[in-house]
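Below, chain A partners chain B and then partners chain C, in two separate complexes.
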Partner chain A sequence: MRKLLAGLLLLGTLACRTAGHPDDAQAMESGLQVGALRGFAATEMMIKSRLTLPNIHVFNLAQFLNASSGDGITLLLGGYQGNAGSSTLRNATPNAVNMMLWRIALSGAAAKIANQACNQDAYGLKPHFVTAAAKLCTPPEDPAVRVAALKEIWLATMRYDAPKAEMDAWLASPTTASADLKGVLESIFLDPYFLIAH
Partner chain B sequence: MNSWNRRGVVKLGAGLTLSSLVRSGPARAADAPPHFFLQILLQNGVDSMYLLDARPLSFVAANRAANYAGVDPTVWEGAAGGRTLAAPAAEVLKPLKSRIAVVNGIHMPPGFDGHEQNGNSMLTGNPFGGAYFGAFVTKPERSLSYLTLDTLIGVNLTNQTGVLSMPSAVAPSLASQAAGLGGGSGSGSSPSSATEWSRKSAETCGGGAGVLADGCRAMRAGLDNAAGLAARLSTLPPPFADGDAKLLKAVKVAAGYFKAGIADTCLVALEESGFDTHSETDAAKAPELHATLAADIATVLTFLAATPFDEAAGISMLDVTTVLMTPEFSRTHGQTGKPMTATGTDHNPLGNYAILAGRGIKGDIVVGATDLDELTAGNAFANVSDAHKALDKECLKRMGKPYDFTTGEVAAQLPSEYKLADYISAASVINTVLDAFDVPKAQWLNNDPQLQGGVKVPAKTLAKIRI
Partner chain C sequence: MRRYLMLGAALAALSCRTGSSGALKAESDDDWAKRAWIDKAARALLYGASAVDDEKIEALAALPREQVVDKLMEDPRFQQTALDFNLFFLGLKRNGLNNEGDAAFGPFESHAALASAVELAHGGDYFRLFDWRQKDFMLQQHGYSSPIPGTDSSTVSDAERRQYWLTETAKRLAAWEAAIPAFANNDELCAAYLNLTNDDNSFLRSASQAGFPEPFSQAIDTAVEYQISCGAVTGAVSQSPELRQQIAAEAKGLETILKQLPEIVNKAPKGVKRVDEIVRLPVAEVPWLSKNKSEAFDISMWLSIANSSTNYNRRRAAYVLRTYFCDDLTPLNIVAPSEHVGNKHASDAGCAACHYKLDPMAAFFRDRGIVGLDFSGKPQLIHDDLLVRSGDELKKYLDTWKAPAGSGRVWDAGYVRSPTDQSKNSYGESIDDLFKIVRGADEPKLCLARRLTEYMLGVGQVFDGRWVESLANDFIAAAKPDAPAGASSAAFKSVTKTLVLSKTFSTPDPVKGECYDFAPGVAPSKLPCAVAFIVEKNCGTTCHKGASAAADLNFNDPATLAVPDNLTRVAAVLTSNDPDIQMPLNRYMDPVERASLYKWVQTQISGGAP
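Entry: the complex of A and B
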């Protein structure tokens, strides 16, 4: 009976979390395992809640894996397997398979968002993110403008999930210096502090 | 339960190398062939009454056991020793008898009746869960500790580093993703600048201590190995056909991953509805369900025997794979107060069973047996020990008979007191497998995971089924 109630509570909580998207995805993390991947659902929620507007469909992560959300392959990126009575977190420890798949999914998401920000009137994206992203659509001549834009994009996406030292290292990284908007987003999405619960 | 295992030590290590995923292909004939482990967990309490520990229909007439098969079982005689009764559903396995070792009368840790507890025991030796023993046989240089296919119900496996859990049906999609990453070129795609940043950052945050640092190190290792894995996955042929049964699909995926050097150990969690036959309606369908299952088991063993590992050397996948099939428990003869012609069945952890095959396992043999196998003239069960009555007063659970681990024979005595060490236990079966892989005894399981006696004594193995 207790397991059934726990399972129903879990299902209810997940249903609430995925019904639209909350502005802050922190609540999603309460059931996550520190040091493990946040998992498919939580990571998708983070990206959507931080960069896209509620109730406007911009993308689903699964589409970049040629799958649909809840498809078996999304389980490989970290998720719960089982049924209402009993479910277990699977594939949440980083390994070669989930890193391979995260590379694919997040590269797709970064490309989609970058394309939306630069080429499609930014429909569905949060205004503060769009303002910063637009500065990278055409490389700014003033390096200080680029750095300021990068910082805004970092804070819009990562928020304060990473220590300042991580942001500083990212800003100073040669790969960040030369990346386009897609590459900038992809590097934030693939940052350990973004993918791993802590 | 062991508190230390090789996987735990490796987890603390600096990193797992790309070379661990790259193998040189099948061994040359002169080299010892690799050794894989395939465990199939038959979840939901698959009943030995309808497989290889049946009872005659006279037991139904005597109101001592339910048997909806409607046909008497036949004798399954092991040429290398032992005998049992095979239900009609198991006839399909008889052509494979020379490859199969049957172990009847396995005691799960006493006092636990549930699916999860006994599933945990069958996989970790501990009803509350722990490290999956299959990981102990994986070579340390492998970065994929083990693979689990399909849905494990409620078990608690704590060694999750380097573990891939996936539905078998996803395998073709995964290979396709790998090819899309550029794995088809054989060298993997050049990492993007974003990936380079990710690797560098993971190395930095992995330089410390704590669970976050552990996660960062695992992430760095995963990123390092992803391209090599993609290369391996993209070389796999389509693993199965749409019309293949679920179990065969899983075994085909496992065999492909074994051959490609992606994994050494695979746990297939077979979950089919209808086996947990608490209701009379479900119990009446048991013969048909088990017939399908037995046919599936026969198919996968035949597949493994017919699939080359090294065609030139004449080595099949079954030659290089140790296979263990077992449920988490078997089932009772019936239910309290119900006639055996109209009853469901409940969980019976005292009379579990296993089917083993493959490398290191002798075929055409039966070891162990369960009691409640004879009737007196008055239709009572004969030769029921006091130890049995203490655990099962109503005599609804056929229980493993005491076993002499030295002679490999069922012991004749009827114990007055129950001691797990007198019987074949789940730990005995697990240690037999570990022995087949030359896993050091320090990692073997003991019958008492809580070490209440204070001394760890590994459960004895079934030497009689070992070659």
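Entry: the complex of A and C
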């Protein structure tokens, strides 16, 4: 399952398969589902708590979908409805629709954060992230400087949620080598270890 | 190519140590795993926030894991996790307690979830989660008070404005109450009632201008609209004087709330505008509105589990069974009792599979009508679908739940574990009795442990039943009458800590069908983990073990449950309604365990995941 999800996300393509985790009926009993999306609220909280300063509004993920946090569209990205039924995380199985929406939302967040870090005095962003991000605003000449900055950005964003091998593979990827700050953040956000509960 | 080689060389030249910022360090794979676990534990215990500061994670990484958990649980955000879990347990989990634009008052709608979380924060009675009688919470005035007509708002304080509108609300409410007898008929009364939300002279309009906390004004609003609808005021009811009395009684209740509000609203601590902040207040500052005069279900809950005139409270019963007993009512045939009540749907053997527990549970709600209003002793009952029952029809409706003659009770209301062995069942009469059963029975504690395990470790993950039962024992012990004060809070923290320290929690991407944790001192079973405990407890200790196992089904041998024919036989005897065939033979088996084993067997037969 993880390899399939990794393929969907890393390639950034829209899968043709429809929703249908075989264990949906049983899995939809409660809480977070191992192997499924963390959901809209949890993912937004991860990004904000890791990269932005507390009590300062930088963005809401929903704004990149032209919506508000409480809008129904965010439920498509994995959410709870709070009915007196069961506490079910709905739409937590990756499918063509929600992965497209995730890509739009996370791409928007990456662009916003990158723009903030590089062009707007980094207001609202955590200092250690800004220090690393700034090194990618203008591509450094020294590859070692770039790699060091990439690693700090990875550790600031992904922290230790992914194995070290995942970080090493990402650092060595040609895509990472040539990406700007927005592209770097986007690739981390769309990494399965970031989006998927495990 | 050259560029990539240079990058590769740069990468190889760097150790895991970061650059000059020195923010995060992981020297080895173990270091990395420890920090990954700390981040995951922080997310689990601090309500999802990856909010362990870079410097703090290094300090925590130096501590043993037990101490890391202790430190994290001292963080005030742990109380938010507790509140969120309570909502999860009650089937009310939302997308967030903190998100902007989210239903930040959502948890307010569950008095039980909030009261329990507050108790936990102060080392009190966490099992308030299981109580029917609850306290209301009132936040600081949420809205801005409208200007007093004819005054300069800059010279009038917020408190003065609020007091003006409170007084105005009380006056308008009194005026409306006084007008009730004067309406020519209930149609006019109904129309005027519904206008309370729109008319400038309505008391609800003035209530909103006083800036009453949103849940309160919404509660009034909904109560008014649903208390009576013009669709219900037809025919004979139109002239019913009882209906007017009922409305007048409801108005008195609103009056009482209005009188209490100023004290609470003025006393509420400043800055507390979100319900999740309540759990962090010192005990003396928690803004209680009433002393155990509310119920665990508020209006939105009653709306979610509405009772039409045809479902006989079964939806409400199903909610209680699923929520507090983890019983999802998997329909399995049962051995029917020898007595049948003729021509009743629920007495059919196939239907009885669910109804033998559903109907007695539903009986507790027999007097509750639209939005859960209590019609006990009233001449009529209005259902959520606005059907009105009165007279003989009402009597016939209530008689549905009359206990059989000679049973020793008036109502057939109870938590029924066995349709044939009455001694296994817990009976009562009122909803208060129901929640006393919930408080006292072991099944809700086991359900609580099961749900907490799912909440912390993930859905779809298989857990060893004996391990979960060992966790539940903490809750069961804490529920005993002689347990020390605060035992339930201590039990919640202890079980949570065990879960965060578990192998399942520490294992990245755990295999769903595999168990990683087992009860202390017990060797892992060789049987499939998902059902090992159930099989050993109900089948494999007496009859179905060893070379001479009954029916050649030796459940000590894991290969037995891998044979399709054996699985088919097991499914058949689990669900037989013949007392000479149903297994375990002449022994009680917990219905939830029976259902779990049956579902697992069916999954194996159909070739699904373990």
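Just so we're on the same page, the second predicted complex is superposed on the first by the 162 of 198 C-alpha atoms of A that agree within 3 Å, B and C clash if a C-alpha of one lies under 4 Å from a C-alpha of the other, contacts with A are read in each partner's own complex, and residues count from 1 in each chain.
We adopt the following convention: a residue touches a chain if its C-beta (ideal position, glycine included) is under 8 Å from a C-beta of that chain, and two chains touch if they have at least 3 such contacts.
This one's a predicted model, so the numbers in the text were calculated from it and none came from an experiment.
Once the two complexes are overlaid on the shared chain, A:104 sits against chain B while remaining clear of chain C. In the superposition on chain A, contact is made by A:95 with chain B only, not with chain C.
Legend: residue contacts after superposition of the two complexes on their common chain; A:198 is shown touching both chain B and chain C. In the superposed pair of complexes, A:132 makes contact with chain C only, with no contact to chain B.
In the superposition on chain A, A:172 makes contact with chain C only, not with chain B.
By the document's definition of touching, neither partner reaches A:121: not chain B, not chain C. By the touch criterion defined above, A:35 reaches both chain B and chain C. Legend: residue contacts after superposition of the two complexes on their common chain; A:190 is shown touching chain B, with no touch to chain C. Annotation: chain A residues 34-36, 81-83, 85-86, 198 touch chain B in one complex and chain C in the other. Listing the residues of chain C that touch chain A in their complex gives 3-4, 6-8, 10-11, 13-14, 16, 18-19, 21, 23-24, 26, 29, 32-33, 35-36, 38-40, 43, 48-51, 54, 87-96, 99-103, 106, 301, 304-305, 319, 322, 451, 454-455, 457-461, 508-510, 512, 599, 608-609. Interface residues of chain A facing chain C in the complex, by the touch rule stated above, are 2, 22-23, 26-36, 39-42, 44-46, 49-50, 54, 57, 60, 68-70, 74, 79-87, 89, 128, 131-132, 143-144, 146-149, 151-152, 155-156, 159-161, 163-164, 168, 171-172, 174, 177, 197-198. The part of chain B that touches chain A in the complex is made up of residues 21, 116, 143-144, 148, 151-156, 160-167, 169-170, 173-174, 176-178, 180-181, 192-198, 200-202, 204-205, 210-216, 218-219, 221-223, 225-230. Interface residues of chain A, counted against chain B in their complex, comprise 34-37, 65-67, 71-73, 75-76, 81-83, 85-86, 88, 90-101, 103-104, 107, 110, 166, 169-170, 173, 175-176, 178-179, 183, 186-187, 189-193, 195-196, 198.
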